[in-house]
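Two complexes come next, and they have one chain in common, chain A, joined by chain B in the first and chain C in the second.
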Partner chain A sequence: MSEVKVIEIHENVFKANDEAADRLRKNLTSKKVCMINVMSSPGSGKTTALSKLINMLKTELNVGVMDVDIKTSMDAQKVADATGVRSLQIHNGGLCHIDAEMTEKAIEQFGVDGLDLVFIENIGNLVCPAEFDTGAHKNIMFLSVPEGDDKPLKYPLMFSVCDLIIISKMDTKDFFDFDLEKATKNIRKLNKKATIIPISAKTGEGMEELAKWVKAEVKEISGRA
Partner chain B sequence: MHELGVTFYILKDVKKVAEENDVKKVNYVTVEIGEVSTVIHDQLIDCWNWARKKEEVTKETEMRIETLEAVTYCEDCKGEYRTVEYGKTCPYCGSEHTYLLRGNEFNIKEIGVDDDT
Partner chain C sequence: MSEVKVIEIHENVFKANDEAADRLRKNLTSKKVCMINVMSSPGSGKTTALSKLINMLKTELNVGVMDVDIKTSMDAQKVADATGVRSLQIHNGGLCHIDAEMTEKAIEQFGVDGLDLVFIENIGNLVCPAEFDTGAHKNIMFLSVPEGDDKPLKYPLMFSVCDLIIISKMDTKDFFDFDLEKATKNIRKLNKKATIIPISAKTGEGMEELAKWVKAEVKEISGRA
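This part shows the complex of A and B:
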């Protein structure tokens, strides 16, 4: 009879992904490409707002959009069609998130040379994407007004990993009794540093401020390399 | 919710360690999961039992789960308490200026292999 030998590993499950993400981030920085990961629940207004935003930015910046190749989604394509910018498809095998290896492969396949800014439209889900670093420089999320001002309390990790929290569909706030002050308070319990910008893609509210935030991030990356 | 995605990371890691140690067959892998991590144990095991068949070396590898206690720290009274029982609010002073010290872990602890040397 053979004995059992124990081999100790003691390694975080996410370590391999975190390392891949750091490598990718450095690589993108050296190419002066700023990558921004966009997360939210399904239907919170990402595709609509990104299309508008990119139309505001594209005279100054070369922009690309990336999303997963789910047949029913094709949002990157929608944004590309609405704005004329480059679309990159990520193959993620139907999983609940996008990880650094998937982003890296999509970048190898489609190329980011000549781009200043790439948006990833992540999977509509407030749990899993928060755990997986995609290699993006900044993480942003959409909290849409119909989802309610108490949403941050239900998904603490997501709200704590983001650099920018966009409160979207502000034009609907009276229908949903959405209290912006309460939402801000709930976000601050989890994240003291994130910028919060209320927007409406419909009325254009907050879009200038959003564009300003994004441009500053792009400048930061191109200035750092 | 992301049990399947995570399973592939564990599989990759176990395979790598087995190769490094010249192991042909892994009997078990032990993972440590914090009490407040969002991983659902039964689902993880189901995913594992499905995914392990993809590699020769993990074909019969049993997954063992050890739970790690979650503890929260209070910045106001410097107290520590069990997160699962009290959540964000400190039971000693009622403050909400608290943060999680531990309990969010998801580690691959060790593997067990036949020792025929």
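This part shows the complex of A and C:
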């Protein structure tokens, strides 16, 4: 296998990316804007849950959303329609992730003055986005019940780099062989510190706890409660 | 965005990969072994459905399975336990796809003499695996009902390169806002030729049709019915 060659290329890419990410993070911190990078598989329910979450937060916080997609603008449109907050669709030209340089340029175009919180909804992929620090203050992910409780073991880097792991679509748990205790154990093998919140955007389960977590993170950066 | 630079690098990678893929495909054809590359999101149900399918095929065909995973051997073990056919787990060292050179080396190690059909169960990812021809004769994918009927528009390359698109977990369709007609329309915008088969590994829906499709492809290569 040509593994060594690939890893060497990756190391250079990652080093440059880490520098860009640190620069962006410092810049956002100085502006008191908290950025949260949201990752998951395709179809985990992140657009729907984010829309509901933003509606819970928007009376207290100024929120913006940047949606990453290969080609369509469906997600940015959905969030804008559901919440009325400012959203930007980033087309990443077929790539499997978004890196810090792309995020930095998107942030420049988006303009964050006056915002307390910006979500980046990353491309649906459990592998590549985990490798690229976007410059966000926090990384969060959705694991949806239909995907199965074994996914942490299969996509270990993603579950390792996240500060918050949301178990979504909990209203469907009776339909699938999903064991929340087993999922939690699998996550803990990789990540001792991450907060784990089971939610259902449909029934509202866990949404208050999620909003509370996000508000605490925003307070850390912006000083706003 | 540094898009142009990325595309240039990709072009060289893809050219070398296409050559390796053609070489592997010719080699397999000369041995009368049909290889089918199976792709999907994480948690689409491909391991479970493949196991059931192999149990339907194994009385008539000699089948082998190569499972690609970042780190675990769970999938190869599951298929081996459920079917008794020979399986190999490929650990791809954290990469987001498998390319033709990696597949070629895996095939050498696996040994395909006497086999009529080899499945490669690719890594769960709707972006990167679509970019790399593995050398397989046919590309097939699973789109599971919980992921949503809009996914073809969001991951267009994957839906364009597949010869067969399996809509899986059809038994859960009443639980989700999944419109099969809409999914089919979305697929047809990208891919006029692909066969579309809705299945449920749980209820058995569509499994006979799927087995028939696979047997016809094997016959093309191996001459065996």
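Here are some notes:
One rule holds in what follows: the second predicted complex is superposed on the first by the 205 of 225 C-alpha atoms of A that agree within 3 Å, B and C clash if a C-alpha of one lies under 4 Å from a C-alpha of the other, contacts with A are read in each partner's own complex, and residues count from 1 in each chain.
Note that contacts are C-beta pairs under 8 Å (C-beta built on N, C-alpha and C of every residue); 3 or more make two chains touch, one makes a residue touch a chain.
Only a predicted model underlies this, so the values are computations on that prediction, with no experimental measurement involved.
By the document's definition of touching, both partners, chain B and chain C, reach A:Cys96.
In the superposition on chain A, A:Glu147 makes contact with chain C only, not with chain B.
Within the superposed three-chain model, A:Phe14 lies in touch with chain B and out of touch with chain C [touch as defined at top]. Judged by the number of chain A residues each one touches, C leads among chain B and chain C. Residue contacts after overlaying the shared chain place A:Ser41 against chain C, while chain B stays out of touching range. Within the superposed three-chain model, A:Lys192 lies out of touch with both chain B and chain C [touch as defined at top].
Contacts of A:Phe132 after superposition: chain B is touched, whereas chain C is not reached. For the contact definition in use here, the residues of chain A common to its chain B contact set and its chain C contact set are 2-3, 6-7, 95-96, 125, 127-128, 157.
Chain C contributes residues 1-3, 6-7, 41-43, 69-72, 74, 93-96, 101-102, 105, 123-128, 144, 146-148, 150-151, 153-157, 169, 172, 175-176 to its touches with chain A in the complex. Those residues of chain A whose C-beta lies close enough to touch chain B in the complex are 2-14, 16-17, 95-97, 99, 125, 127-128, 131-132, 157, 189.
Considering their complex, residues 1-2, 4-6, 9-10, 12-13, 17, 21, 23, 27, 31, 38, 88, 96, 105-116 of chain B touch chain A.
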